[in-house]
């Protein structure tokens, strides 16, 4: 009985993609970044589940909105039982889970993380198309472009040197969204000067030798002690003043709120330039 | 004066009384032989005498209570040669013999002339001069035993306490070793030797202590103690006992039970 | 054999020169390409603001810790081998390093060391002491090679498991990733604060171990003979256990567990010092320091920017050596 039921169900789901021109009605998102795009774009009741990370205050900008949607933990069986007509995952979501859902006949769309402002626009529009909410997506893109133009207008003039220095000594180099945010905010990225590609380690020595005007870090993800943030305590960093600890949630995902990361950097840059004028 | 005196010495290992109420004296100029069958408690008695095991009773070294002496002070009063011929690292014969000099230094001092003299003398005494550079682990069992005995001699303590020093030696080196102890006795030193070779014990010792089942059952000159009757009673062997101009001759000839019954 | 070996002063002199050269290499090699003379000027005269920071705050503490930790491991290995009369004794194989790691992990991840800095080395020291006592209790006073190694494996595995458990239970998601550091060790971005914290305990440990040479020589003949030669065995054991625990505990608390140096170094040097445990101490300390400095320089040259763990290199060299050693001593073990 159960097996026959399952078979019928599978037949039904295999047929589902053929109806894709109609907007999906039961959308499950399994990735923090797709969660947030979907929360911004989806219509009333269209999004039936987001990942549990979407409710974390420290990593999610839309934690409050996410609290009103049931969560999933990225496990194939729980997603399957939600009977979605569209599953949205990140390309970093567990491969096995995605493969399993596809084998079960689910329609799964994967989103690559945004590595540039252009990626953000592409991802917003694609989400809009998938959810049948193209107008909403275009609206978001237009707002994003306006906001970005404002940031870039405000960022003219001097461009102080900034070192991005995360937990465990990681940094963002060429080809990363963080690099674009830094540049758009009127700062030079030290890692770009060293021609570092992607998210890699920045040896403390190179940071020190680069003599940056600002060291930009991330706020602690957890208050529990770990060695990951020991690099922030290193005496060699004292010469550069306090590390500016930015709120991670604006940096993790590429989305309209990425503008907030740029705005925060702008404020930081303003303070630095003001201090410098005072010092002289 | 006695070099060593033990009063009412008892040793217990677990619930087993291995030495009971032993009185032992070794005087200056005396070679004392300790004999007895396997398990009689000879090694346990020696270990207690040198302070290696828990015991009841008192031990005096040259008149002083051994309990009040530091390990180094004890080492200056006697040299002890354990039954196990243990040498752990690939060290030279000379290095092992040189270890006998360690009680004479308190710090990491360089070797003095008297150290060198003592080492050379001990090497010569044990017929090892030609082997001094050799690694101990490349030596034969007898050569190794002689090396360890040389170590005890180089210590230059007034008393040598040795557990089966003649084991593994060929007859010439056995006799050589016993002559060495006799020479030491002439310079008012002393030796307490646990021996299995009854012939050697009878011929070279001034005095014999006989142990059986943890007790000292006889003590006195070899001629007086080592009689056929006692050997039969203690060891369960029949023995040929005689004497020549140089001293007593003892040769076990058979199992006592076989001839007695 | 002994005629071909170099004389002791020549050996010590050679190892000292080697250590100095590797110390210099550790100061001169790094991701920031600073010229030779510029490095010296920055280190000694403080010329050039950034270069001075790099030399004094980043490379100098790393080089100091590299030498001191290597020396600690070499010296501890030599002492443990002499004390236990066992060529397989080593702080890593006996589980001392792993237990020190556990102690350090408990101090750090409970927040204890943040409140009270000395809690870090002290807790690691406590872990190390417990490991030595446990191994001794398990293997017994006259335990052979096999029992000793088995006891070490048991203690090591338990400590490693508890370390992983403690890190996995931490609410901080980064903690679990740090298991690698505690098991394999690294000197990446160690600061003067770490030197200040660990060096006194390492020096204290060295002081306790340095005087044991004569006693360890006597122990060549076994415990009974050593005792009769005036060695106070209880004192020697106490000094060896607490000296090793203090030095290895402090070393592990700032750099994680680094294996095999204490095993390999004394073994390679033994024929060069005529097998004498006393002469092995200083030689093993110098050579251990040199080996760890070399390994640390290698991590920077082989995989710059990847934070290759030190224990990976020492194990790649040390583990085959260990196998060879087992192969050679297997008759004695069984």
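Here the chain labels run A, B and C in written order, and each chain numbers its own residues starting at 1.
Basically, contacts are C-beta pairs under 8 Å (C-beta built on N, C-alpha and C of every residue); 3 or more make two chains touch, one makes a residue touch a chain.
Only a predicted model underlies this, so the values are computations on that prediction, with no experimental measurement involved.
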Is the way these chains touch best called a line, a ring, a star, complete, or other? line
Taking each chain's centre as the mean of its C-alpha atoms, give the chain farthest from chain B. A
How many Å are there between the centre of chain B and the centre of chain C, using C-alpha atoms for each centre? 43
CA centre of chain A versus CA centre of chain B: separation in Å? 84
Flag every residue of chain C that touches chain B in the complex, lowest number first. 1-3, 85, 211, 213-214, 217-222, 224-225, 227-232, 270-271, 274-278
In the complex, chain B touches chain C at residues 47, 50-52, 70-76, 78-82, 84, 86-92, 95-96, 99-100, 102-103, 105, 108, 133, 135, 148, 151, 155
Could you please specify the touching residues of chain C with respect to chain A in the complex? 30-32, 34, 49-51, 53-54, 57-59, 108-111, 113-114, 170-175, 177-178, 181, 188-189, 191-193, 304-307
Would you tell me which residues of chain A are touching chain C in their complex? 167-169, 200-201, 203-206, 208-211, 221-231, 233-236, 239
